[in-house]
């Protein structure tokens, strides 16, 4: 009998005598009065969704810009995304500092987030991942391009960040300081995503729903593009206008996917 | 403790003292007296089955022609298929209108269904999906052909709909009006399925079981055909007579798969 | 609240007050006194294992030769393997007849089993499946050969049955009569498995554990061989002596896999 | 109603009246005073994690060097990894002997572990597996190289063990005696992993967490390298310095993955 099942049963017995709301997740999906509290809860949700959708494994992270202070962002301490709880979310500043004590381990690559928030005022949420389908594109430089409308946001192309050059030839592959973060942000430019050679990718959005949506469908497009390339025939990608118009339409449908993904992670609790 | 688990336990305690039937699903699988009520329940079931079988993700939809009025069809409001409940199913007319109020969001692509029902009196159910294995065929135009008997209904071939041409060069990729719906229906012709370049597919049937069966095995055939092509040797597809005879036989076995798929989605409740 | 969960909870409450054994599965795994009863229970188990291991979906079947009468075999009525219960298992004779009434639907392809039991006295169990990884080999005729020791039983090669020829050019792809069953058995010869072009495969064993083991690892070898061929380098397959010696050793380890597979299907009840 | 669910419910009722700790797993994750007891518990955990992560199926094994005696190691008796319990873990010496009675079946390939522990004093844990993505590399000799930083420990290359030569041309493919174990250990040399042609792989580590981490990410790198090769463009692998620096950094992050993997196997109990 695991703790998890015990909690279910004990909780159920108590809940029978009560009509009070139950989980952090349930509360997170209600309209929150406090934007900061909502953002904190959304960081937890986004971590769980990205793990459930296979975008992250034990590694990878997601952040939200602090709605009350554009020079700060909310992100978990260094831990597996699937295990993040509200108590693990810390406020980081754009130099990568937090108010947590010296015993709290932070993500070594928090400078990815800090420097993109600094360079891109339009970005309100950031995902960093090692999605399996993206690594082969990052390792070969084969151009990732949208072959179906769910991934139309990739229309402007996806640059590839080469850390070897940015680190002057000496690197452990991690974006572990502000200089490397700035170089990555420069490589990203105005794009929605950037691949990282030998490493993974970064995907950004105007809110956390869009960043997560883009992460899921960047991964899916890479998988489908690999399969289409294997068929050995010419691929017709979305042209620039198709991609632009499609992205505008899709942005209105992101809540449909988000509602599903939230429900899925709730069902696992 | 999630709401879902709470519902299980509370329900169980009440049910112990009762012998009344329980879920909408259980009722749906019993012979219903009222064909309209049965069709409503089948729309819900088909949505859940298509999600469970990986044919749809957060997007895609399925409809059934109203058994009481051939100029109407039943389909959910705009939402993820996996989350559809009986309360979400709306009656649509062949112009894409419903009696739902202005605050209810409808699928933008309901004209896929409306115009196919108008053009094809034999069609009683329609699936629209973005099945991963179909996108590469839609993007390359490589002909999808049956390489095993479960997909023999593909014998007459699968046309590819090019929305760029139908929309006179300006499109967000969606079949968002009656004209585009008519063009898609024309492309489908008398076939059981049509691929949509840069988008997905539409699969039709003489009832909802057949439409869902065909959607599952169109997806499977595409996956297996990709793998067979990768082996680099000549593929022997079913010939026209094999496909025709096999399809006739298979139509008698669809209830075997349907019974399994219904059971699987019930087990998840 | 589904029936399945209700059954769990009601059952649990009753079981607390009882120490009696519970499921058919639990009984099946105990040493049974009666070989016939054990074979009946093993047919159910094998169906559930093959579904759980992805060898069969809604279609496919498995049989065991009747330990009390070599001219009879035990197999379910026509239904999805995952749903088979002890009450669904029927005794068939080698002409494909059962004592079930006319309303009981039998598998159209029961002649696969009947004619192989007739032709191969050493065979005590038979699996028929549409394993996804086998279809591409069946459709191309690319030779399936063992590239790792778990599949060493494939050393003597895997023939491909061409039903078009056996049916004199007119076929619905199914082995639906004794003549086609005899032709398939002839194609199988003394091999452990035969692929069926445009259809699937048949795998046999000296007992049900071996037949199921071979079905799982035939499927796995096909998947791995496809992947190895995609690497574009020469593949070193097991040579004839390696395959023979390896198979002898592996036959002693089949109970290790069987114990695991039984446990997995029990956990899902 | 299965035994497993019955155990949950009965356990829950008892647990409500108790605050005592519950599972072996929960105890295993607490800091154990006794290193030997902790190693015993870690053998169980590692078996369950490797099964959950798809590194092993019904076959494969994992061992830990006895912290109290470097000439001994802890490993389960011959059984499926997923089913191993503390009562199944036996102390083996470097000749492959245990104190278990003659009725206890041991892994035929325990000499893999014995001879590597003898040859490599730095190795404290060993995984043997048939990971699907590794078999194609073992069968072709295509060089496995790190294409992303999680697999940077593969930088020094992965040798391939050819048992045919080591066994003088007569083999059942198993490392079933000390001589073959010594030949395998020689092939491994100072590397973190060795592929076994026609069989699988062995991965070693300075502790069980590192050995399991390396097994998971060797498998993942093979899958991603296959996909990258299929894209048909030049792959940029991590260079020697990148691999070395990355590995040093990653070694500090292994506990993050381990914590997640432990949680996942606990949730399944």
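In this document, chain identifiers A, B, C and D correspond to the written order of the chains, with residue numbering beginning at 1 in each.
Just so we're on the same page, contacts are C-beta pairs under 8 Å (C-beta built on N, C-alpha and C of every residue); 3 or more make two chains touch, one makes a residue touch a chain.
As the structure is a prediction and not an experimental result, all values here were calculated from the model.
**Q** If you walk from chain to touching chain, how few steps can bring you from subunit B to subunit D?
**A** Contact-graph shortest path, subunit B to subunit D, evaluates to 2.
**Q** Given that subunit A and subunit D are copies and touch, would you call their interface same or different according to whether over half of its residue numbers are shared?
**A** Since fewer than half of the residue numbers are used by both chains, the interface counts as different.
**Q** Indicate the whole-number Å distance between the mean C-alpha point of subunit A and the mean C-alpha point of subunit B.
**A** So the centroids are 31 Å from each other.
**Q** So the centre of each chain is just the mean of its C-alpha atoms; given that, what is the distance between subunit A and subunit C in Å?
**A** Their C-alpha centroids are separated by 44 Å.
**Q** Any chance you could list the residues of subunit A touching two or more other chains?
**A** 9, 13, 230
**Q** Sort out which chains touch which and give me every pair.
**A** Applying the touch criterion to every chain pair yields A-B, A-D, B-C, C-D.
**Q** Per the contact definition, I'd like the list of subunit A residues that touch subunit B in the complex.
**A** Counting only subunit A, the residues touching subunit B are 7-9, 11-13, 15-16, 22-23, 25-26, 146-150, 152, 220, 223-224, 227-228, 230-239, 241-242, 245-246, 248-249, 253, 256-257, 259-261, 263, 266-267, 269.
**Q** State the interface residues of subunit C toward subunit B in the complex, per the touch definition above.
**A** Going by the criterion above, the answer is residues 1-6, 9-10, 13, 57-59, 78-80, 82-83, 108, 130, 132-133, 135-142, 164, 170-174, 197-200, 226, 229-230.
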